[in-house]
Amino acid sequence: MKEKLTTLEKALSPIVSGSTVMIGGSLLRRQPNAAVRQLIRNKVRDLTVLSWAGTTAIDLLAAADAIRRWEGIYVGLFNYGLAPNFRRAVESGRIEVRDFSETAMVARLRAAAQGMPFLPIRTLFGSDLAQVNPEQIRTFDCPFTGEKLQAIAAAEPEFTIIHGYAGDKYGNVQWPVVRDTDDMDQPMAAGAKRLIVTVEKIVSHDEIKKQPSLTYIPGNWVEAIVEVPYGAHPAACDTMYDEDDAHMRDYLARSKTADGVKAYLGEFANALPDHAAYLEKCGGLAALSALDVKGRA
Amino acid sequence: MKEKLTTLEKALSPIVSGSTVMIGGSLLRRQPNAAVRQLIRNKVRDLTVLSWAGTTAIDLLAAADAIRRWEGIYVGLFNYGLAPNFRRAVESGRIEVRDFSETAMVARLRAAAQGMPFLPIRTLFGSDLAQVNPEQIRTFDCPFTGEKLQAIAAAEPEFTIIHGYAGDKYGNVQWPVVRDTDDMDQPMAAGAKRLIVTVEKIVSHDEIKKQPSLTYIPGNWVEAIVEVPYGAHPAACDTMYDEDDAHMRDYLARSKTADGVKAYLGEFANALPDHAAYLEKCGGLAALSALDVKGRA
Amino acid sequence: MATYTNNELITAYVSRQIRDDDLCFVGVGTNGRAFTLAVGIPLAAARLAQMGHAPGAAVYWGNLLEPDLSVIPEHFTQDAFTQWQAAACPPDTGVKCDMLARRKFDVSFNSAAQLDRYGNMNITAIGDYRKPKVRLVGSLAQPEHFAFVRRPILLMDLDARSFVEKVDFITSAGHLSGGNSRREAGLGEGGPSLVVTDKAIFDFAEDTREMRLKSLHRGVTKDEVLAAMSFVPLIPETIPETEPPTTEELAFIRNDIDPHRILLKV
Amino acid sequence: MATYTNNELITAYVSRQIRDDDLCFVGVGTNGRAFTLAVGIPLAAARLAQMGHAPGAAVYWGNLLEPDLSVIPEHFTQDAFTQWQAAACPPDTGVKCDMLARRKFDVSFNSAAQLDRYGNMNITAIGDYRKPKVRLVGSLAQPEHFAFVRRPILLMDLDARSFVEKVDFITSAGHLSGGNSRREAGLGEGGPSLVVTDKAIFDFAEDTREMRLKSLHRGVTKDEVLAAMSFVPLIPETIPETEPPTTEELAFIRNDIDPHRILLKV
């Protein structure tokens, strides 16, 4: 097997301004925020960003003016309300949006995973989601029944970034048996062209191969894997730690203005050399362990 | 929740001659043979049978002259060679076959699960599998790229029979963490109209809800669940027991002629009132436990 | 005569709309009043139905199929979701999407920033989609609910900014422009069936599919309702009072389902 | 000069066709000679490649992605498959199908009841499809291998009943009628690249895509080869001898990979 363990800097260096990037996680779970802060440090711009239910990762990128277009089902901050920086950028016209409903986005992800240019749905008749996006949503006739269906174009980002629980140096990433499964990370990984995975911890391959059915991202699909403890902070990694409520509230408060959030980004991303420095800035592992949940592996 | 625990007799009584039935399992794993023997006792005829990689279940039904048409990717007896009774029936023209390659059959199962009349593939250009089956495999143009694709019609059996590991009285069926995943049972269950599940053992709902992510067939999808220990015999149930080599060899020997296998069916299906009697006929649980594998739950 | 809160009235009313063996979609997240409407009342109503006339009723919440409603989490942080026991927790959200497309859901609970005369809803953008006055969250599975669920129920406070003649953006196609327009657009049966508000209940006329005042909550006048809407719904000759909760329903809600007033807080 | 068996010769030859980081599909099951050709030799060759020039080579076997080839099971009963450790074991076989369709596989190992001049293969039926002389197993993923895998390798004993002018049924489209016919039919790059037999190796001519004799195993004559085929393949001016296994390759096979002669038994 090929060793794919590397650093955030090396793993993300191929992502340049103008790239198309799929961001994994859903709501406050497993947002790849450590990777996002590195992209912000790298000063990438004009990204086309795809997501499922995006929260902190998308809002941070929007705050850094890194997004030209977003495509997905949701951007908000879950129980913290709307995403202030994303909202500001869309309302000012800086970010173009292409909204997809869940069955439509699922079709895009599965089409890519199956090597197909599209998959059919029948959800969006009469919805403006279809009306405003003829480039990716088209009505056609079923080759068998003749009924009207909607073809949804495959999601084909150049890069896919997913934050996972644990993996080995070959890129095999496993989930715990009991977890919050409300996401689309595995289909995203299955259809990825260049897949970069960050994990809470690196474990031995011997650990992995004992329970191969828990490997939801096979190393064969992965270009690079990076160990980033608390890599989803200030969001949560289910079964390991909860969202950081104090940090979220501080982020929201400082996001009331563009200047406020620029200062936040300066402190928590641009001014810091790497993720280790971010963890120190957040009080270090000792302080962060207060977020750990019982039954954490 | 609704109680769905019943007997093989009651669960299978809606399946009459002429029905279309999907049979779960793959190769020698989890063939729903207890249910098949009940169908044979019920003397159903002219079934249209769909399967993934079918072995004992399909060959037993063929031996009983219960199949009019079969659709799937494979019928054989794995490392025991060709399926003698299925082969005899196809060569004599009694069984019509519709062959699908794996991506084609996967498309049929997923289409049904997604509520779509078809899904696209691009596998079968130039293959006689497509040429002989215009009713279910049709070439069409991609609504986006214009490239030629092949539409595969959804698999829509009236009944689906799957043999699982363990489940509760509400029909929630779970798999063990480490198992042989080389099958399509979950997609079959997801697209089923009337789903009948047999399991090795019934466990409490409290057991099930501790690890909900192990539930691969939610009770919500199930019409009836039946407890049938060694329900896949003489095939295997991975993690619980292996195939019965002696029984398989005896079955093969007696399948050399139509009369031979009729005698076998008389002994092991028609002459017996139920699955309990079959287990006794096979030496009882004591004898069968010799097939158990280590680490059996 | 029992006294009760508006949330208790709505919870009891909604619970009676749930039939035995119904599969109900309940959303996750948001906070404050939005949480009460989107999560709190639906969970309480589903549990109340289970305890009464609909023991076989089930909920799909997040990606949990049939979570144990006898122990609804008291804190809605991630680990509470992770630990919540359920009958099933499918491998990804695509399974729920497939069940929606296969019309496995009987009821869904929905809220929107805008809802119009024909039950079209908007959670995407206020103003121009390209340069909106307010960018909202997007769409989630709201279009699926109106496309595939048998009886979607809207839970919203009556407000002239929310109840508008025409939504700025159709996230979810309801009854479109009324009559047969929904069918003609290519959609099947479904679309919003009831609109449950803090002042009144509405349904949709069988023929024109226009929103129609169905009942007024005790003490609420027709004029108060109309004052809180930007369009005039159909109004029948006589308007019944919304059936109040029974003492038994109130006891279940207060003692068993939401003793600490978490679900029906605000 | 080292002595070696035909199976050792073939195993060593095939292992050299595997490049570093190749993902190789290996089939499961069958028994006797068919097992040696479909499972035994491919697994031994893949492991031999890993131990030598291709440490990054991986195998997809059954639904096991990268099973540990340093401990190949000695008994191919179900529990041996269940217990075999691997890097991944996806939730269902559909994942493997998707990887095939996305052209993730570099090499596949295939065997057929019939193979023709243009590398079309048949594992479905001998004679008339509707009322066959011999009904075979069907198709499995054999059409996918020829449609999507970069370099499919056929492993078959040379036999006039198997090597036919035209297959009775095209299960897997190889090079169809040669030339550009494969492309014209709608297929992409791929199709059979090599045919490895007990007597000789064949490839396919770049222009006509006809099967072409590539090398003869030591001691085998051209006439013996032609006597075991129902059509005459392209034959070059000079026919090299199939490169024999090195003593190091033989040592790996005999001492490390298949010490009990399970994989290369018959």
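A, B, C and D are the chain letters, set down in written order, and residue numbers restart from 1 in every chain.
As a convention for this text, a residue touches a chain if its C-beta (ideal position, glycine included) is under 8 Å from a C-beta of that chain, and two chains touch if they have at least 3 such contacts.
Remember, it's a predicted structure, so these values are computed and weren't measured experimentally.
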Both-way neighbours, i.e. chains that touch chain D and touch chain B: A
Chain centre separation in whole Å, for chain D relative to chain A (CA means): 40
Intercentroid distance (Cα basis), chain D paired with chain C, Å: 58
Multi-partner residues of chain A (each touching 2 or more other chains): 114-116, 121-122, 178-179, 181, 210, 212-213
Residues of chain C whose C-beta touches two or more other chains: 64, 89-91, 101
Pairwise chain contacts, counting only pairs that touch as defined: A-B, A-C, A-D, B-C, B-D
Footprint of chain B on chain A - complex, ascending: 114-122, 138, 140, 142-145, 147, 149, 151, 153, 177-179, 181, 210-214
Touching residues (chain side chain D, partner chain B) in the complex: 28-31, 35, 62-64, 76-79, 81-83, 89-94, 96-97, 100-101, 124, 129-144, 147-148, 169-173, 176, 181-182, 185-187
Chain C-facing residues of chain B, complex: 1-2, 113-116, 170, 172, 190-191, 205, 208-210, 212-213, 215, 218-220
Contacting residues of chain D [partner chain A, same complex]: 21, 23, 56, 58, 64-66, 68, 85-91, 95, 98, 101-104
Complex contacts: residues of chain A adjacent to chain C: 26-29, 52-53, 72-76, 78-82, 86-87, 90-93, 96-97, 99-103, 106, 109-110, 121-129, 131-132, 139, 148, 178-187, 236, 238-239, 242-243, 245, 293-295
